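Two complexes come next, and they have one chain in common, chain A, joined by chain B in the first and chain C in the second.
Right, the complex of A and B next:
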């Protein structure tokens, strides 16, 4: 009984950690963009204010059952993915040992898509034409970046004969190296795929406010928008922590985790600030050129 | 902020604090005033430091900014957009045209006082108001929200009959559904 309570409170603490870190990263991103555009910019806690305000708004929109379930799917997928990510090296943190099993990397590759699919169903129910365009763009882009991402993950799994994240982390601890040096091509392919995963500029074709009126979320206001913002923050933490765990040897404590994830987070942010938006076909062909090439190289590196 | 007659609870205080510092703005820019908004939102005047940012659709917006004159044709769209927004919602009337018709006083198909059709919380005077005035308008709205006085949405619900009557006076072919809240 006690262990279950400890596990649950640990899981709750993990969710809070992911939410807080993701929200602050979003705020820092807005500040960075503002400084680069020679503005003062909002305070870095601005995203918290936005979310609290959105949760305190009325939400009286009804387009059908799926519309109410779409945002719930999104946040369910984020939290489920989070539960399988080892936050720190070793035996978990704050009583919480992640739900690790021997095939969890394969499971995560599937689970990380689930949120987008749930959102697609929810946005489809609203019947807004902008949502439909945004959803088709999002799914096309997903076809683009999932292929190099999966290839780099498969390369790692084949190279080290393990399909679990903790297995990969243990290998890095034993060999005292990072996998980004053991298989550099897998790291490059995964980082290029991460640019698309974050939906930041230049790959913000899904939520482009000037083209498709924020796309899938165009009919979602109030609490649903808040739910999606929270889901996005948690999911950003999930992606960054997964990359740190797999490629950069995990983290021994929270400060190291924050430093490593933030360094990784700067890649999509800084790449995005100086890049205008791609068109849909440009975004997809981007992923099917160099990232795919590096993915194939990674698999070859793993086999020979 | 606090006074004895109208003491707010802590929760209301926090809600109002977040509301005033996070305004998602939908600019209804069919009038000429919309040209002042890019300057307000971008590098030079940077309204984002006050928490004002653009919203893409009415569903996500808190603040409806009516820039300039409204013809009876665009009034239909404004009413529809306003009713799609989620509570709590605020309206800023921008420019002289929303106050008394401005230079369109004699026009046969523009409305003169916006407040008769949808409840306006803050007016920004001028033709055109410069970005400084727009930011002053945002500040004034933030003050009203912090004091809990920006209750245009409640006013609209309570006096819906009066607003509908005024709206139907200028819109001969009534385009919207009748609500029963």
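Right, the complex of A and C next:
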């Protein structure tokens, strides 16, 4: 009983941590974009206010069961992926152990697409053509960035003969190095893929405000949008933590984790803020040029 | 009576009886075929594993036996056979020539069981031909563009059959026996080049049925053109006979050192998987989409088998079983849509989710399994496949598989959106849920998809038994099937399926409860016309459907790959042959004067050559 309570409270703490960090990062991003565009911008806690507002609003319509469940799928995927990602390395803080030892990288890659597919189904039932267009764009783009991402992951797995994240982290602890230096090409390919993964400009074709009226989310308001925003924040944390764990040796404590994830987070944000949006096919083929090349190099590097 | 003979008599006799019943007592026909398949299942599952029978016909020694590999594939055939026959009774309601249909249906089930049980090449070939012909007769059942679809199927099947026959003749010439056990013992004694020739010829034979590139061109037409109740079996079970044949060749007829064959097959299968997936993405007919997706999925299965490692073969066979389960369901669901709404063209039909909720549920589950998303069965197969390829150093093959399965999300979404989601059109307002005989098989099969995601043991155990017969050491822990939930790769990394299931279910239920509980009473349903559209008010007659050119940007991105189809190469080959025949015709133009000139020219040539080289 004690252990179940212990695990549940650990899980809750992890979720809360991910939510808070993700929300603040979103707020900071808004601030950065505003400053670069020479505006004052909202305060960095603005996203919290937004979520609270959205949860407290009444939702009076729905388009059917699938739409109702779409955001639920999204948050299920975010939280489940979070449960399988080691937050801190070594014995760091045993409380955050969750289900770290029950899945590996391949599982995680699949778990991470679960949410977008569920969300896509929800958006589909609303019947809004903009939603469907956004979904087709998102899925097409996924085929683009998943390839270099998986190539860099395969390169790491091949190089160190383990497919588990904890295995990769232990190797970094033992050899006292970061994998971004052990296999630099894998890191480059993964970071380029990360640009697409975050759906920030220039890869913001899914939500594309001026084109498809915010795409898949256009029929979701109130509690649905609130749930989706929470899910998005948690998911951003999941992605960043995964990259830190795999490439930057994980983090020994929460402060180190925040510093490392924030440094990584700045890459898509700063790259996006100065880049105009791609067309959809450009956003797909972008990943099949240099990122793919670096992915192939990474695998070659790993196998020789 | 020997239960092997009983099984075959039941199916083949039942086939003829169902034809007669349709003639004289059509009212009993449906009940009869379902009862018959139930009986077949009973006999199949109670059969003693040591059952075998030997006899001689015309001096040729024949042997039928029941092996564990046969049992594995037999499970697919008998269960899917039963369910698709049950489905047929409602799906084929009101169509004519039902005697013809059921007879050929049962013939193909019987011939598949025959293939699995034959332990000699003659009966294998005999049943293989029955299977080809009975399925061909159903492919042309609808009578629509028979010369295109039917011809392609029968021509490719004939190519396969001839190369198989050639292989059988070569084998007999060297070993002097048709019995598989004799052949397996003596095959490695013959010259390596002949071994290779035998392997390639047999692969062509089996490759046609498992729709491997470049022998796949018949599949999309044949799968989408037959009645959907048969296609469920066609794609689910019949194509697995090719996989069964592959496993025979790869594990018994090719020595393990011959990695080149394995690599070539695996890469061919990977290219098949990628290209077929891309074709599936750009289809707008649900049947065609599923047909191409079947080709792609068979690619994964063959990759797994060809990888040759324990986990890879297990993944291949697991995906073979799972593919029968989820693709069977999907073809049935598309058939249900065709039956109820009248079309499967996704540019016409849309928004059926509220009319056919159970069909949608079954398709949703099967699509999740197909896409390999946890926690359903497809994920287990995909996971094993990836881990097997990575741990055996096939890094680029992994990328190919990954490209194909990521692109598979596109068509997975397309089929769900195209048929069930999207705008609800008034012209489909009358559509009703499919009748129970169609729903029950679909829901049962999707139940298997769900169960196998957390408790894959009940499929993995027969697979392991089959693999032991291929010469692998058993590696599964010796526990009951419901306790098996941790999968390992050969580096010792694992995935704990029950934890995955628990986590997903718990989070899903909590989030669903919270979101439903908040303001549940105040929420009301609005139609799909009641959507945000930048301030405009959408009228009932406004067309808000987005179905045409669904993946146009993606199509533009992959266009260089799709510019030329394999089909075109065959057409070119055909045109080339025609040109050759044209040339021949010009030489033999039927004019006596020309023939005289040819004779003169030949004599002159002979004279010159003779004086120069032979000196006369």
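Rule of thumb we're sticking to: the second predicted complex is superposed on the first by the 298 of 304 C-alpha atoms of A that agree within 3 Å, B and C clash if a C-alpha of one lies under 4 Å from a C-alpha of the other, contacts with A are read in each partner's own complex, and residues count from 1 in each chain.
As a convention for this text, a contact is a pair of C-beta atoms (placed from the backbone, for glycine too) under 8 Å apart; a residue touches a chain by one contact, two chains touch by 3 or more.
Predicted model only: the values in this text are computed from it and were never measured.
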First (chain B), second (chain C), both or neither touched by A:275: neither
Touched partner set for A:20, first chain B, second chain C, both or neither: neither
Which superposed partner A:46 touches (first chain B, second chain C, both, neither): first
Touched partner set for A:213, first chain B, second chain C, both or neither: both
First, second, both or neither for A:59, with chain B first and chain C second: both
Contacts of A:113 with chain B and chain C, given as first, second, both or neither: second
Winner by number of chain A residues touched, once chain B and chain C are compared: C
Touching partner for A:7 - first (chain B), second (chain C), both, neither: neither
Touched partner set for A:225, first chain B, second chain C, both or neither: first
Partner chain in contact with A:34 - chain B first, chain C second, else both or neither: first
Contact residues common to both interfaces of chain A (with chain B and with chain C): 58-61, 213, 218-219
Chain A-facing residues of chain C, complex: 351, 353-354, 357, 364, 368, 371-374, 379, 382-383, 386-387, 390-391, 393, 395-396, 398-399, 402-403, 406-407, 409-410, 412-413, 416-417, 421-424, 489, 491-496, 499-500, 503-504, 507-508, 511-512, 515-516, 518-519, 522-534, 544-546, 550-551, 553-554, 556-557
List of chain A residues in touch with chain B within their complex: 30, 34, 37-42, 46, 49-50, 52-53, 56-61, 130, 209, 213-214, 217-222, 225
In the complex with chain C, residue positions of chain A that touch it: 55, 58-66, 68-69, 71-73, 75-76, 79-80, 83-84, 99, 101-104, 106-107, 110-111, 113-114, 117, 120-121, 124-129, 132-133, 135-137, 139-140, 142-144, 146-147, 150-151, 154-155, 157-158, 161-164, 167, 213, 218-219, 223-224, 227, 279-281, 284-285, 288, 295, 299, 302-303
Complex contacts: residues of chain B adjacent to chain A: 14-15, 17-19, 21-22, 24, 42-43, 46, 48-49, 51, 53-54, 56-62, 85-88
